[in-house]
Each structure stands twice: as structure tokens, then as C-alpha cells.
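What follows is chain A paired twice: with chain B in the first complex and chain C in the second.
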Partner chain A sequence: MAGLAQVFGFGAMTNHQNDIRNSRSVMIIGMNPAENHPISMQHILTAKEVNRAVIISVDPRFTKTSAFANIYCRLRSGTDIPFIYGLINIILANGWEDKKMVNERTYDFEALKAEVAKFDAATVADITGVSKEQLFQVAKAMADNRPGTVIWAMGGTQHSNGTAVVRTYCHLQLVLGNMGRPGGGCDVFRGHDSIQGVTDIGGGPETLPGYYGIAETAWKHWSKVWDVPYEWMLSRFKSKEMMEKPGFTVARWYEGVLLDPKELGQDTNIKAVFFMGHSTNSMSQMDRVKRALEKVELIVDFDPFVTNTAVLPDRTDGIYVMPAATNYEQWCSSTNTNRDLQWRQRVVDPVFEARTDLAILIDLAERLGFKKQFIKNMKGSWKGVPASMKEVKALPEQTIDDVLREVNMGTLSIGYIGQTPERLKRQQQWAHVFDIKTKKAVGGPVDGEQWGLPWPCWHDKHPGTSILYRTDIPVAQGGSGFRALWGPKAPDGQTMLAAEGSAPAGGPNAGYPAQKEYATDLTRGAIKEAMAEGRHPYGNGRARFNSWNIPDPVPTHREPIHSPRPDLIAKWPTYDDVKEHYRVPQPYKSMQKPEWAKQYPIVLTTGRIVELEGGSAAERADWWLVELNPEMYVEIHPKLANDHGIKNGDWVWIESPEDMDGKPSRIKVKAKVTKRVGPDTVFLPYHWGGVFEGKSLASKYPEGTAPYSVGESANTVTNYGYDRVTQMQETKTGLCRIKKA
Partner chain B sequence: MTLRRVRVSETLRTSPVATLNPLMDRRKFLKSAGVGLGVGAAGSLVSSPIFREASAKAEPPKLEQYKTICTNCAVGCGFIAEVKDGVWVSQEPWFEHPINQGSLCAKGAAARSKVVSEKRLRYPMKLVGGKWQRISWDQGMSEITAKLQDVRKKHGPDALHFNFSAHQSNENGFAVRKWAAMWGTNNVDFQARI
Partner chain C sequence: MALTTARMKFYIDAKRCIECGGCEVACKNENNVPQGIARIRVVTVNEGQPGETNIAVPCMHCSKAPCVAVCPVDALYTRPDGIVHVNKETCIGCGYCLYACPFGAPQFPKGEPFGARGVMDKCTYCAGGPDEPFSEKERRFYGSNRIAEGKLPMCASVCSTKALVAGDAEEVAKVVRARAVARGSGVGAWGWETAYPTGPRL
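Now for the complex of A and B:
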């Protein structure tokens, strides 16, 4: 997401799943939609059948998606950048680039050209394992079959240089001219049902809702929306400095428990940890997570099911498991991968003693003394709800509407304005009038609207923007240029505004900066003014080949921290160590040890399978799904298995390098001998939990709550490594060794 | 007497949705989706007759239908949940849904189990001396908040870390970030980066 934002201005999928029906080529890299986003395959396969689209699957593993592809490239995990640069090199050498797009809508193409020149086909073949001939075949297929889309997921991002990898995918699409048009785009597929929504209007440790950041202006904006004095908000924090300093992330919060406070970016360890719908088995460095869960004073897990968190640590007290309701037990909206907001009707009341997250949060706020401030904008619907939240299981529908209205009011930055509860509910009842290919309504009261009112949706008559950065339609119909996020000029003096002739139809036919204060003017006057003139509130800028404000301004190849090719580390080393990143020290070079490739010669990669998802506390508690995929396993190539004396179904130990603790981590799993993986790589699904280093934890669950299937967590052996920009964990490229158990 | 083939659960519904997929009878669907193996209300649906008189006139009891969105991956498939007497008894395809046109994967077809699974955590519990002990919500929340206040007094608001979830709804995710802001920390994150 950060990669996309650094190039185009927004961290979001640019087109939509249905729009793949308009594609003539589809490159799927570091992703397996046939298992991870199964229903999206309908659109991909329609493109293949109806448009004769070329499907290209690029993955270290021959996945179920690869089985549908016209071209399959087996790429060594973590070498995406050389692969993409190899393609761009071929495209440029043959003059296949889209010169209009590059000249009029991008910044610093020369810098990119200089970098890609280093990656001739022979170099690419050496680093990635993809042959010169195949590389040419892919480049030609993409160039001959436009528009084409590039789709990726965690296979592209979970690397120590993940943000850089994503930027090169974007660069490829800019060079091919595939941006801002139906059938093209950068279609990152996201993982959870509302991950785009929670990214947009939740926000992590570095930002408030709506990507406002956590600088003073952001706090002042949200204080105003939440109707509380900024000074009160400030008084809640330790200091202004801590208020404006990014916090710990899910990837490394446990170091905040384990490390000496002197090494941390705050003066105290974490003493209490809350989980709300989050399993610990999706976090790498599981042995350290376990130790943190043993050291911390209080663990509270709000979840419909008992997760790995409750059973992983060896401790005798200090854990609370509190039953939360699922999203089926409440009214709510969620935002899917392509920015569509969809309304959920409540199916049943919360079952047993379960409570909805909102009810829990208000109850906590009440007991901690800030309920009055917390519910201020929910006042209108407060009638009918008792003054005390102590016995309340769920809030009425109007309260959920009020929360969404508060979102509409405050999230001006990305246009979460027109997605009112009334419109979402109306769309739900008129679903049948939306066209499958364009997702646009034909007739009825929703005529012209895009399904899900994808953001930016600037007012309650705006149809939403189903394809970002599209200039052939007016802003009022969902047109936009690239976001003018970086001011009118780059540090080198070049313009960051689009050239004349490249602007959304119907407005000024040139680049222009963002409308002043459009994101903070709660009267929405600034937005109205821009719309009236046919200008896009966030401006019409240029996409960046050179992101000067982050590490590796122009992406370059860096070997994974745990590289199986020590000979390449000298030429393509990882980053220098970082003293503080999200409040923890983050070593790179000092962790990249060439000798590890000798002791741990096999590449370790992880992923999802169709029957389960994430930490899978819920899916493994479902016996139909468990019956379909009952136990944890490792995929091993026949040669690797035979060389180790391992047969299909044998138990094997997988051991990974002694990163932080001076001892290897290990898991015991069953072997699935298959040619899906190459002889240098093993694959682990990461959904299991409830077994740690060969020992079952099933007896530690509260009676009757242990899932039908427990198994080792892949993340016990995924290696140390985090993205230089986002701190995303490097689970897709590690090293390991195997032996028969 | 004319016999016609009817869906096993027809006696329970009048919805137009019921007639949308004539190729698959209810029993086959239940079998393939595994629903018939479930506990409680769903189990009783399977024993109805497959054939009955075409002229049957008795007004069948209604199932309430709710349109919802699958809570697994980010594709955003819609389906229709059916409820009888407050119990979620079955799922039907939402054929007009613009993204999935009625189809679901294994997880979506098993969505109901997220609510009816017998493995659900039914009441609050806490670990005491290595044993799980049932407690009330009130006891749990008052102990948790007392401990939090204590931690805040001794170590400040940054001694709490809150891992929330991309499986939460927009409204709940927004509320968590707001809650953390009003508690006074930026130590709050969810799965986007993992």
C-alpha cells in the first residue's frame, strides 16, 4: 500500500475486480487468487475466455492459479525487482513504452531508465532463474495485449524491500501506459474482508483515519470532527512528542515487551496488550511473540473464538478471553479490496454472551472515564440505549449509522463523503441493476452510481470512482488525475503537475495543485468549489519514478536478508541497520550473514490455502472446512524429499536460522511431496496454530473451545526481516533446513 | 395425483430465492455444502420428504432473509442468510450481487458456521492458577480496566498496545483507532502490514 501511495498518491487498488473482464493481459505476480480470492477468478477467467487475454503467473510456486495461466515463470522468491526491470528493459529497447503517459503524467523517467539499464536479460536470469527467452515472451505478451493489469498480493509485499517491489510493479504499468484506463491498473488484492476500509478509516500507528498522519494538524482536524478540544486530546498522551510519534506495529510490538526500554522509542515497556480479532499465529518470530506473551502483565483477547494467543504462552494467570460477536451479528459496512463499501444486514443477535466490538469499546471507555467524549457524535441515536453500557450486548442500527456519518464527516482527504448509510442500504436493495463489467447502475433510483460507491466519492450525488486516475471522464463522473501530493515542484525543480492535455475531461486541461484545505474544511466548501470548476480536489499531478523522500528513491534490487545466494549479497546488499523504526531498533546488514546459506540451504516461503484464512481460529473451528484440509503440512519437491529420505506423509522437522535468540526455531509437520515447488524451495501454509515446536497445546484451551484442527504455525520458523518503509514482515523469503523426524 | 419435485425445505419458505436454482435439490445442496451435518435446527430440515402433492395449500412458515457480505477475504461476495426463530438456519445465493453473482468459495459456503459453531467462546473466562475460570462480563471488564488504570498510573498510556483487526467492520475499525487516540497512545495496529 505504501508503495502505491509513493508512486500515485493513494495506497489502494486502482481498478476493480470486475474490470479485469476488460483486460487483454493479466500478470499475476506473488499471488494466488484461485485459492486466496477464489471468486475473483471468475472475472480473470472471463477475460481469458472472452478477450483471449494472456494470463501470466509469476511465482516461486506453481499454484492453482498457475494451472490456469498461459505463461508460468518460476521466480526465485524475493527477486521481483530484477524480473520487472528486465521486462522494462525489453520494452524500452523495442520502443514499446507509452510515450504520452510517460511524458505527460510521470516524474523522472530518466532516473528509472538509468536503473533498469543494469538489468540486462543475462543478469536477470542469473538472479531470478527466469530465462532470457521467457522474459522476452512475457514482455512481448504485455506489450502486444493492452490494456493489461498487474495483480499482486503478499508475495510481492512481504519482503524487506516490499515497498520498493510494489513501486516497480507500478512503474511497469506506467511504462506500458496501462494506468487510468479500463482493463489496466495496479490491482493489488488485499487479504481481509474490510482491510481496505480499516486501512482507510481505521489507521495504524502512524496515522489517524483517512491517512491524515499524526502531526498536529491531523490531531486538530480529528479533534474537531470528534467534537473534543485538542487540548483534552493532548492531555491524554504522555507528551506532544509521543502524540506525534508512530507507535509499535503488529509486526514487532512484542519487542516493546522484550527489549530494554533504553533501546526503545518510548520510556516504558508494553505492560498490557489487547487483541481484537487478531491471531498471533500470523506474526513471524513466534518464539519471541511467545516470550512477550509470557512477560507482559495483562493479555485480553476479544474474539468470537479462542485464538492461539490464549494457549501459546506458558503462564498461569493474567489472560482474559472475552467473547466478541462476528460481523454477521451486527449491522455494519465493510470496504472490499477495490474500495467498494457494502452494507451488511444483521443476521442474528450476538450469540451466547458475545458482544459487538463497539459495545465493548464504549463499555471500556465508560469504565476508563472517557465515554462522554467517545460517544459525542452518537448522541442522536443514544435514546433507547441504557446510560450504563455494563449490560449492553450491541448497539442499535442508528448508532452504527451515526458512526459511519462521523466517518463521512471527517474523512475528506480521500472522499469517504458520499458513502452515507442511506445510499449503501439503497444500493443493497438495487444490486440487480448494476452491470457486471462496469459495476455501474443502469436505471432505477441508483442510476449511474458505481457499485459500492468506491472512494473518492465527493458528495451524496457522486457516483464514486471505480477506476482511479482516469482522465477520459469528468471528475463528476469519477475521473481523476494522479494525486498532486508532493507540491507543484520536485526538489530538482522539475514540475510535479501533469502536462497540458492530460487532465480529467471537462475541467482545466492541464496539471493543477490540490484544492487548498480540501481535506480539513469541514464545511466542504473547498471540495464544492473544485467540483464546480471540474477540477479534482486533490489536484492533477504526476506519478513518480523517483520517490525522493523514502529509502531507495528509485527502487533497486536488494537480496533478501536471508539469501540463498551469498555470491549476490556483495553486489546487492540489504539496507544499513536502522536505529529506530516504529519505536524499535531494526538491524538489516548485521543480520544478513552469507554463511547461513550453507547451514540453511533451502528457501522457505509461506502462503494461504483456500479452505482457511489468516490465523484461522474461526475456520479451524468449522468441521466442514477442516474435513477439506485437515492438517498442517510442508510442500517439498520430490528431489529434495528423496535426497533427505523423506516420503509423502512422513513427519519432518523444519529448522530456521538463529536470528535474534542464538537458537534455531523448529516445527514438526507432515511432508507433501509435490512438484508445485522447485527443488530449492519449500512452502508452508500459515493458518495453523495450537502446536509449538512439536508439542500440542490443545489441552490448554478452555474446555470445548479447542479447534477441530491444531498444527504448527509456519510463523514459528519464518525468519527475521522487515520492510524498510512499512515494517511489514519478510515471510515470503527465508531460509531453512529439513530433516526426517 | 400429480407429484412434483419440491425442495426439501419448501415447507419453510415462500421466498422467490427458493426457486432460483431448480437444478439442485435441497438435500443435494445440503450434502455438498455440508450443512446437513450441522447441529441444531439445520439437522431437522433434512428429514422432510422430497416429493409432495402439487396442490398443497397450507401457508408455509416464512424464513427471514438478510443480505450480507462474506467476512473472509477482500473480494466482498454477497449472500443471503436465512433465519428461523432467531437461529441462522441456512444460506442462499445472492445471484444479483454484482461481484460474485451468487457463487461462493468453500469458506463463504461455510459462513454460517462462524455463528453456529459449537466451538464458539460462549462467555468470558480468565486464567487463574493455570485453570480457565468462567466470569461475568462485569467482573472481567472491571478487572481489566482496574489493571489498565494501574498500568497507566505507573507507566503511562504507551504501556498498552492494541492489536485490532482488518476483519472488523469499517465502523468498528474506526472506533478502535478513535478509542486508542482517546486513551492516549499510537500503539495501535492491525493486519495491513502483515
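Now for the complex of A and C:
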């Protein structure tokens, strides 16, 4: 997400899943939609069948998706940048680049050219393992079959240079001219229900809702929306400095518990942790997570099922397990991967003691003494919230309407304006009139609307923007240029505004800066003014090959922190150590030890399988799903298995190098011998929990709540490593060794 | 729409099935099928290698069903709409149908290594059984009766890639025809290697 935002201006999927039906080539890199996004395969396979689209699968594993690919490239995990640069190199050498796109709508192509020149096909083959011939085949297939889309997921981002990897995917699409047109785009698939919505609403520690950041202007804007004095908001924090300092991330919060406060970006340790629909078995460094859970004073686990969190720590007190309502037990709006909003109907009242998310949050605010401020905004108080929230399990539907209206009111930056509860509910009634390929309604009261009113949706007549950065249609119909986020000029003096002739139809036919104060003018006057002139409120700028404000402005290859190639570490080392990143120290170079490749020679990668999802507290408690995939396993290539004397179904130990405090970890799992992985790599699904380093924790579940299947968590052995920008964990590339148990 | 009696058919598209298992789970949930019994299962060949192919296999409700032909007590029968059903109160558990069926559709209770076979269970096309539709007895013996409710079988309803298509044979045939036309032949969607397996593309 951060990678996309640094190139185009918005951290979101640019096209939509249905739009893949318009693609003539589909590159699936670092993702496995057949297991993780099964429905999207409908669109991918339709493109293959109807458009004869070339499907290219690039992955260290021959996945269930690879089975449907015309071209499969087995890439060493963590070498995406050399692969993509190898492609761009071939595209440029043959003059296949889209010159109009590059010249008129991008910034600093020269810098990219200089960088990709280092990656000739032989170098790429050495680093990635993809042959020269195959690289050429892929480049030619992408160039010959436009428009094409590039789809990725966690395989691209869960690396110490994940943000840089994502930027190169974007660069490939810019060079091919695949941006801002149907069938093209950078289609990152998000991995959880409404996770795009969570990002939009400010789930991260560095921003308030709508990507406003956490500087004073952002706090002032939102204080105005929430109708609370800025001074009151400020008084809730220890200081203005702490108010404007990014907090801990989900990837490394436990360091805030474990490390000496002198090493932290704040002067105390974390004392309490509140989990809301998040599992601990999806976090790397499980051993440290466990110790943090043992040290922290209070743990609240708010989930429909009892999760790994409740049983992992060796403690007898201070863990509160609270039942949450599922999505069938509450109304809500949710935002999917392609920015579409959808209204969800409640099916049943919350069962047993379960409470809805909103009920529990308002109750928490009440007990902490700021309920009054919590449930109001500049247009008044939310209706339907009782005076006391104690014992209240669910709130009426209009309360959920009020929440969405507040979002509509304040989130002007990304155009969360036109997705009103009324419009979403109307779309729900008229779902059948939307076209499957374009997502556009034909006739009826929703005529012309895009399904889900994807943001930006600028007013309550705007159809939404299904495809971002599209200049062939007017702004009023969902057209836009790249976001002019970085001002009119780059630091080197070059223009950051699009060239003449590249602008959304119907407005000024050139680049222009963002409308002044469009994101903070709560009267929406600035937005109206821009729309009236056919200009896009966020301007018409250039996409960046050179993101000067972040590490590695032009992405370059860096070996994973745990790389099996000491020779390449010497040439392409990781980053310098960082003293403070999201309030914790983040070493890079001092954690990259070339000698590990000898002691731990096997690449360890992790991922998901179709039967389970995330931490899988719910799925492993489902009889039918457990029957299909009953126990934790490791995928091992027949050669590697035979070299270690391991047969299919044998128990094996997976051992990984030490973490930050010098402790190695290990797990005991069953071997699944398969050619899905190459002989140098093993794969672990990360869904299991309830067993730690060979010891079952099943007896620790409260009576009757243990799932049908418990197993070792892959994240006990995933290695140390975090993205330089977002702090995403490097769980796609690590090192390990295996032993027969 | 045809005015003749509908004949219900499954079509399973091996070029579309991604082995998500949705059909297996939905079937079990809908019909309350016990563990160890699979009224539908996804079979994968060449797992993890080029040529990996998946296909979901329920009862195919054959026109001239071999199971019906071999059943010594006529517990198996073909309904007028083409759905093959078993009457569990007539079945003697001889297992002839198991050997006659080319798809492995008949299921028998497992549990003991040398146990008796017990009464056969199979895919009902989500059409219940010979008992009164929607009765408690029908539900307990055979599961749901979505056909009587005017709905498609659960497996086809949830198929994520529309690999499993169900319904009136005439309608199913239209889907098959449309896909065949779109995919074409030769070097079309399925590649040079499929069309000309003997030689590489120059």
C-alpha cells in the first residue's frame, strides 16, 4: 500500500477484480489467488478463455494458481526487484515502452533507466534463478498483450524491502503504459475482509482516518469533524510530541513490552494489549510475542473464538477473553480490495453473550469516561445509543448509519463522500442491474453508478471511480490523473504536473495542482469548485519513478536479511541499522549474517492455504474444514526430503536462526513431500496455533473452546526482518534447516 | 425455454476447478454429512507440477446409471427428472453399486476395518429422497431438498469459478457450448503445446 502511494499518490488497488476480464495479459507475482482469492479466479480464467490472455505466474512455489498459468517462473524468494528490472531492461532495449505515458505522466524516467541498466538478463538469472530465455518470453508476452494487469499480494510486500518491491511492480506498469486503462492497472489483492476499509479509516499507527497523517493540521481537521476542541484532544496525550509521533505497529508491538524503555521511542513500556479480531499466530517472532504476553499486565482478546493469544503465554491471570459478534450479527459497511463499499445486513441478533464491535467500543469509551465525545460529531449526536452501555449487546441500524455519515463528513481526502448509507442500501436492492465486466449499473434508480461507489466518490451523484488514473473519461464520470501529492515541482526543479494533452477529459487539458484545501474544507466548497470546472480535486500530477522522500528513492535490489547467498549479500546488502522506527530500534545490517547460509541452508517461506484463513481460530473450529486439512505440515521437495531421509508423513523439526536476543527457535511438523516447492525452499502454512516448540497447549483452552485442530505456528520459526518503510514483517523469506524428528 | 421435462445434469469443468473445496464443505454443511463420507470430492492429478488438474466428482446422475442396473433390490432408481436416488430403507448394503460406479459416488459408513458396509449414501443432487419433501424423516435420511425449493444443488451454488454447473441439461449444454466456443481450438487459450504436442513453437 505504501509502495503504491509513493508512486501514484494513493495506496489502493487501481483497477478492480472484474476488470481483469478486460486484460490480455495477467502477471500474478507473489500471490496465489486460487487459494487466497478463489472468486477472483473467475475473472482471471475468463480473461484466459475469452481474451486468450497470457497468464504468467511468478512464485517460489508452483501454486494452485500456477497450474493455470501459460508461463510459470520459479523465482527465488525475495528477488522480485531484479526480476522486474530484468523485464524493464528487455522492454527498453526493444523499444516496447509506452513513450506517451512515460513522457507525459511520470517523473524521472532517467533515474529508473540508470538503475535497470545494472540488471542484464545474466545478472537477473544469477540472482533470481529465472533463465534468460524465460525472462525474454515474459517481457515479450507482456509487451505483445496489452492491456495487461500485474496482481500481487503478501508475496510482494512481506520483505525487508517490500515497499521497494511494490514500487517496481508499479514502474513496470507505467513503462508498459498499462496504467489508467481498463484491463491494466496495479491490482494488489488485500487479504482480509474490509482490510482496505481498515487502512482507509486509519488503522495504522501513523495516520488518522483518510490518510491525513497525525500532524497538528490533521488533528485539527478531525477534531472539527468530531466536534471536540483540539485542546481537549491534546489533553488526552502526554505531550504534543507524543500525539504526533507514530505509534507501534502490529508487527513489533511486543518490543514495546520487552525492550528497556531507554531503547524505545517513549519513556514507558506497554502495559496492556487489546486484540480486536487479530491473531497472534500471524505475527512473526512468536517466541518474543509469547514472552511479551507473559510480561504485559493486561491482555484482552476480543474475538468470536478463543484464539492462540489466550493459550500462548504461560500465565494464569490477566487474560480476558471476550466474545465478539460475527459479521452476520451486525450491520456494517465494508470496503473491499478494489475500494468498493457494500452494505451488510444483519442476519441474526448476536448469539449468547456476544457483543457487536461498536457496542463494545462505546462501552469502553463510557468506562474510560469519554463516551460523550465519542458518539457525537459536528452534525450532532448519534441516535439510538442508550445512556448506559453496560449489558447492551447490539445497537440499532441507524447507529451504523451515523458512523458511515461521519466517515462521509470527514474523509474528504480520498473522496469517501458519496457513499452514503442510503446509496449503499439502494445498491444492495438493485445489485442485479450492474454489469459484471464494467461494474456499471444499466437502468433503474442506480443508472450509471459504479458498483460499490469506489472511492474517490466526490458527491452524492458521483458514480465512483472504479479505475483510478483514467484520463479518457471526465472527472464527473470517474476520470482522474495521477495525484498531484508532491507539489508542483520536484526538489530537482522538474515539474510534477502532467504534460499538456494528458488530463481527464472535459477539463483543462494539462497538469494542475490539487485544489487548495479540498481535503479540509468541510463545506466541500473546494471540491464543488474543482468539479464544476472539470478538474479533479486532487490535481493532475505525475507518477514517480524516483520517490525522493523515502529510503531507496529509486528501488534497488537488496538481499533478504536472511539470504542463502553470501556472495550476493556482499554485492547487494540490506539497509543500515535504524535507531528508531515506529518507536522501536530496527537493526538491518547487524542482523544480516552471511555465515547463516551455511548453518541454515534452506529458504523458508510461508503463506496461506484455501481451507483456512489468517490465525484460523474460526476455521480450525469447523469440523468440515478440519476434515479437509487436518494438521500442520511443511512442504518439502522430494530431493531435499530424500537427502535428509525424510518420507512423506514423517515428523520433522524445522529450526531457524536466532532472533534479536540470540535465541533460535524450532517447530515439529509433518512432512508433505511435493514438487510444489523447489529443492532449495520449504513452505509452511501459517494458520495453525496451539502448539509451541513441540508442546501442545490444547489443555489451556477454556473448557469446550479448543479448536478441532491445533498445530505448530509457522511464525515460531519465521525469521527477524521488517520492511524499511511500513515495518511489514519479512515472513516470505527466511532461512532454516530441517531434521528428522 | 424448453417445454419438455427438464433432465438435471452436472457439468464439471476441469479447466476451471481450482480445488478450493467449497463444494465439499458446502455439501457437508447443507446435508449434514458425517465425517469420512464424501458425497462430492475434488480429485487432483499431477499435484504441484505442470499439468496439475482438478475435478470435482459428485454422483453424475447417469442417464443409464450402472448402479441402478446392478442394484439387486431396486433401492436405486432414476427419477423422471434424471436424478438418481437411493432408498435407504430398501438398501441392503451389498456394495454392488460401489463396483459398478465409474465415479466412486456410492459411500458406505466407515469405522471398523472389517465392519459391515451398512446402508449406502450418495449425492442426492440436493433433492432429498423418496420420503415426503421437507419432512423430518427426509432431512435425517437424505439431507436438504433444494430442488423442491426451486434452487440449485448447494455445490453448484457456491462454486467459486463456476467450474461446477448444474441444472436442466439444455441450459447446462448452453454453458458448455459457450465456453468451448470462447476457448476455441488450436493455439488459442490452451496454448501451442496443447494443439501441437510434438513440436515447440518456432
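As a working rule, the second predicted complex is superposed on the first by the 731 of 741 C-alpha atoms of A that agree within 3 Å, B and C clash if a C-alpha of one lies under 4 Å from a C-alpha of the other, contacts with A are read in each partner's own complex, and residues count from 1 in each chain.
Quick note on the criterion: a contact is a pair of C-beta atoms (placed from the backbone, for glycine too) under 8 Å apart; a residue touches a chain by one contact, two chains touch by 3 or more.
Since this is a predicted model, take the numbers as computed values, not measurements.
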{"item": "Contacts of A:187 with chain B and chain C, given as first, second, both or neither", "value": "neither"}
{"item": "First (chain B), second (chain C), both or neither touched by A:706", "value": "first"}
{"item": "Partner chain in contact with A:674 - chain B first, chain C second, else both or neither", "value": "second"}
{"item": "Touched partner set for A:38, first chain B, second chain C, both or neither", "value": "both"}
{"item": "Contacts of A:59 with chain B and chain C, given as first, second, both or neither", "value": "neither"}
{"item": "First (chain B), second (chain C), both or neither touched by A:50", "value": "second"}
{"item": "Residues of chain A that lie at the interface with chain B and also at the interface with chain C", "value": "38-39, 42, 610-611, 623-625, 627-628"}
{"item": "Footprint of chain A on chain B - complex, ascending", "value": "33-34, 37, 66-78, 81, 83, 86-88, 94, 96-101, 103-108, 110-111, 113-130, 132, 137-138, 140-145, 147-149, 151, 154-179, 181-194"}
{"item": "Chain A - residues contacting chain C, complex", "value": "34-35, 38-39, 41-42, 45, 48-50, 52, 62, 64-68, 70, 72, 610-611, 623-625, 627-628, 674-677"}
{"item": "Residues of chain C defined as touching chain A within the complex", "value": "15-16, 18-22, 24-25, 28-29, 35, 47-54, 160-162, 179, 182-184, 188-189, 191"}
